[in-house]
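Right after this note come the structures.
Shared between the two complexes below is chain A, which has chain B as its partner in the first and chain C in the second.
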Partner chain A sequence: MKTAGNKYGSFIALITLLALLVGVPGYMSSYTVILITNILMYVVLTLSWAIFSAPTGYISLASAAFFGTGVYASALLSSSLPLPVVIVIGGSASFTLAFLVGSLTLRLKGMYFTMFTFGLVELVRNSLHWWEVNITGTVGRIILSADNTAIFYSMVGIFVSVLLVSYLIKRSKFGLALESIGESEEAADHSGVNVTRVKAVTFAVSAFFMGAAGATMSMRWTYIDPTTAFNIQFSFMPVLMAIFGGTGHLYAPIAGATVFSLLEEMLTTKFPYYYMLIFGLIMLAVIRFMPHGLEGVIEKWRHRIKRESIVRI
Partner chain B sequence: MLIKFLDIAIGGLLMGGIYALIAVGFGLQYGVARVLNIAHGEFIMLGAFCTWTLFTSAGVTPLVSMLFCAPFFFAIGFVIYRIFFTPLRASSESPAAFEGNSMLASFGLLFVVQNLALIIWGTPVRGYSYLAFPIHLSGAVFSANRIVTLIASIILGSAFYVFLLSTRTGKAIRAAAQDPDAAELMGVRINRVLALCFGFGTMMAALGGLLLSMTSIMLSPVMGMQYTLIAIIVVVLGGLGNIKGCFIGGFILGLVGYIVSSSQPGLSMVAYYVIFLFLLLVRPTGLLTK
Partner chain C sequence: METQDKEGIYCENMKILEASRLNKRFGGLTAVSSVDLDVKEGEILGLIGPNGAGKTTLFNLLSGALKADSGVIRFKGHDITGLKPHQIARRGIARTFQSVKIFSRMSVIDHVRLGYLFGRLESGGKDEAEREVCEILEFMALASMRDALGRDLILANQKRLEVARALAAKPDLLLLDELMAGLTPTEMAAAMELVKQMGQRGITIVMIEHVMKAIMNICGRIIVLDHGLKLAEGTPEEITENKTVIEVYLGE
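Now for the complex of A and B:
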């Protein structure tokens, strides 16, 4: 009874949130629209990072590679194709890259996988840079930008689909297989889970949404080069936001990404010179004092409230 | 042809010495202290900038400032571990959880150190020239400072090797590398030993940066990341916690870097990475393991 009530509640919360979001361009300033687009981008990156890394425990630092692939796909195609097609192509390009890389490297255990993904971003960025300088003769590219409202609605669309996919994976057999890989890979293997395939497919699915987000965001930037598209920041921010929010429930990464990107917005405008420094200090404090993130704090409150109500009865 | 070959061989060796030293420090921090230190390169940058400041404003030559830098950076690393990582290790649920948390924490450290450096030294690139006269080695020409850096890194590496093998503290470090819990049960003061290792790692990063700054490269506060990547690759190449392996890996990487950058300068990082990828897939435990 309790869980059904919970589910009902979160469903209503989600619908309200979506209704509010859809109305945003109608009654808010264009600054707010851009700000919310930015927050949604981080929410999408964090949620899609959590699809793969939260249940399996493999810490991936390759998000920037997939995001950047989407950005470049959009840079190449946006002048000739409509926005939704570009987004799907950007996502599919990342999906393919992630699937190839994942099938090759997901047998690396623990930190070796992290090291690998960390280097992957640098590899793609350096190769692309070399290619642009030596073969095409340019470094930056100019993109025909779409208007802010269209970008905003595309981002809302990606957000809804990533949320839906996370939810479906979480409650499916496939999600169970992922969790069992996180608990003990050997045991999962012995109980009939095709470990390599499950890992590679999930890795690719999470990369699809990162690529889609990249393809959308590049429309807003108008000018891109390999350094901005494959900025290593897009790799660690999702990890950090997921740690800050927690990964046990679906609301947690959303909350983490929202709070953190608002914080970033505030710090960059108030302390432009010290913002990364403050950011680093916050990061250290979060890891040291909130190992389970916001979610840990919220769940603790919930338990306390539940206990108190039991006592009263 | 022979001269060209010698040129490449010696040029690669000269760069490889520094790579090896950097990697020994990184391997110590990850292999024993269990911190995959993404901020390793930032301490290389700090070492280089401290040397630059001492040399240009106080006239202290790099080899003398080594006497100051070594204990200073050792202390910084030791204190960072004691203040931050020791309690983090105690509060983490498992060794694997600590590895994940400490890696993310080192990202935080990276931002703090890099942005402090940006605030102190600003964005313009710096450089100085020291011992830059040419030396002829059987036909090939190298500047003297590169040869000094190679000799210095070999001396530092072997001194540390002897330290690990022949002192009580060295023995404690080797025990902690094998199994921290068992070492603690045998009476090793584990938190102190792990902090020592982190301190030594920071010290070697700073000394690597000091030697690197002598080779007339351009210094900037954002230079650290590429050396972190090089350290990771060399450690994977040589095997974790293997000093000899680090030197062999460093020399291989130096050679490859020298060959590739003499024909296609933009591709040396890509070449490193291809080696890394190949090795991770074929021998993830390193070249020297049986």
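Now for the complex of A and C:
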């Protein structure tokens, strides 16, 4: 349960953040616009990953498959359709893929599910590669790119949507069902929850936003091939960012993804040769000293000040 | 989807559940063998037998957790054989588990909300829901710990919470799997009182139990299972005097 003042506070924080974001292209350099687009992309991926994986405990590594599907939908359609339509189609394609795959494989539990989702990325990537080489006779595709401001605002729009959907799911009957599934599928099932459908739908909803993000980013890259679109990094990053930030509150994945991608940006520019090494050390330190991520630290600090019981958004 | 008017087929004081010739094998082991089970509306039926007799397997067949190899289960006049657990739950069969399956990081009240929101074919509006949820918490003596997390309750309360979650679905038939196991004598007395009260509210109950005092006290009828077979069936008096039952289960 959440106090009224608290809700008010988060709302104001969100509005302020959005107001700042909307102004970015007006007063910031194009480097900053691109940087923030990139950060928002990771925020969207992490938030959508958390929609499904945080309450259910099913660790999915399929994000890259859904992201890449969006990228390719955009590559095929961006020359003939307006940007928002392309984004919705990219999201819908990922939604469909996730729903089909989820209905078939969400019976798998724990490690088996994770391994399967990892394999899914390879499967989709290789199938597409085969298709491009043997059927269409291309290796990569050149995309008619939109301008950076349009891409930026699209990403802000997707960010707001995924945040809103996460919030609504958390507060709804559906969110309660998801939580119960994460605790005991058997008990949820016998309480009347259609476990398989709830899991498949949620998996698909989370994939929708990943696909939408992919469709948007595709236009920034101008040239894509299956290897860049389905880069497994898009699967691992959301998981790492969620661990780094936490998943108990909605601000946590946002904070995790933001700090993490800023860190990445900083390290790749300052220490191009050692950045993976430093990255690994930071990750180890986080897991060792901040087992609940940034969220754990922030909550501890909030409690010290307010002496209230744990609150959730 | 079943329609409401179809439910008129069964009448009061009739069999609410009819299971005939149920069979379930696990590899070479016959867990349930050709068991017929009739439950009359409003009764409290006890299911006893040695460990491994097939009691919980029978529950799992009735609630859809397992599919019977053969046999038919009819509930309120409809064939429910082969339905999924959530479909059976929504049709009015609720259950608890031998080893409690509560949601450890979910609040007490949310457990009951979940039962209310998902366990019924149709549910009332938001106010109606909250009112009924609170009523159930009061009835189960859980109202004072409504915001506590499942994992923070003691075993007796976790068991009550399971029953509360089941009750929230407004079941016609409640399957209780060893409600008394692990309880102190005082807690057991309270649990027995609870089962009686639920019976008075008109809920049909089938309970698996090893605590004979509880079974003899509460149940109007008892079925004894052994090695998957129905060994005996009758009133508590008949069962205590049955020679085979004494040999196999009760002891001299």
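Keep this in mind: the second predicted complex is superposed on the first by the 304 of 313 C-alpha atoms of A that agree within 3 Å, B and C clash if a C-alpha of one lies under 4 Å from a C-alpha of the other, contacts with A are read in each partner's own complex, and residues count from 1 in each chain.
By our rule, a contact is a pair of C-beta atoms (placed from the backbone, for glycine too) under 8 Å apart; a residue touches a chain by one contact, two chains touch by 3 or more.
What you see is a predicted model; the values in this text were computed from it and never measured.
By the touch criterion stated above, A:22 is placed in contact with neither chain B nor chain C. When the two complexes are overlaid on their common chain A, residue A:116 makes contact with chain B while staying clear of chain C.
When the two structures are aligned on the shared chain, A:243 is found in touch with chain B, with no touch to chain C.
Once chain A of one complex is fitted onto chain A of the other, the partner contacts of A:187 are limited to chain C, with no touch recorded for chain B.
By the touch criterion stated above, A:12 is placed in contact with neither chain B nor chain C. Residue by residue along chain A, chain B and chain C are tallied for touches, and B comes out ahead.
Judged by the touch definition given at the top, the superposed model places A:195 against chain C, while chain B stays out of reach. Touch criterion not met for A:297: it reaches neither chain B nor chain C.
Residues of chain C that touch chain A in their complex: 63, 65, 84-86, 89-90, 94-95, 97, 101-106, 110, 113-115, 117-120, 147, 150, 165-166, 169.
Against chain B, the residues of chain A that register as touching in their complex are 57, 59, 104-105, 108, 110-112, 114-116, 118-119, 122-123, 126-127, 129-130, 133-134, 232, 236, 239-240, 243, 273-274, 276-277, 279-284, 287-288, 291. Residues 30, 36, 38, 84, 87-88, 91-92, 96, 99-101, 103-105, 107-112, 114-116, 119, 225-226, 229, 232-233, 236, 264, 266-267, 269-270, 273-274, 276-277, 280-281, 284 of chain B touch chain A in their complex. Within the complex formed with chain C, the chain A residues making contact are 1, 173, 176-177, 179-180, 183-184, 186-195.
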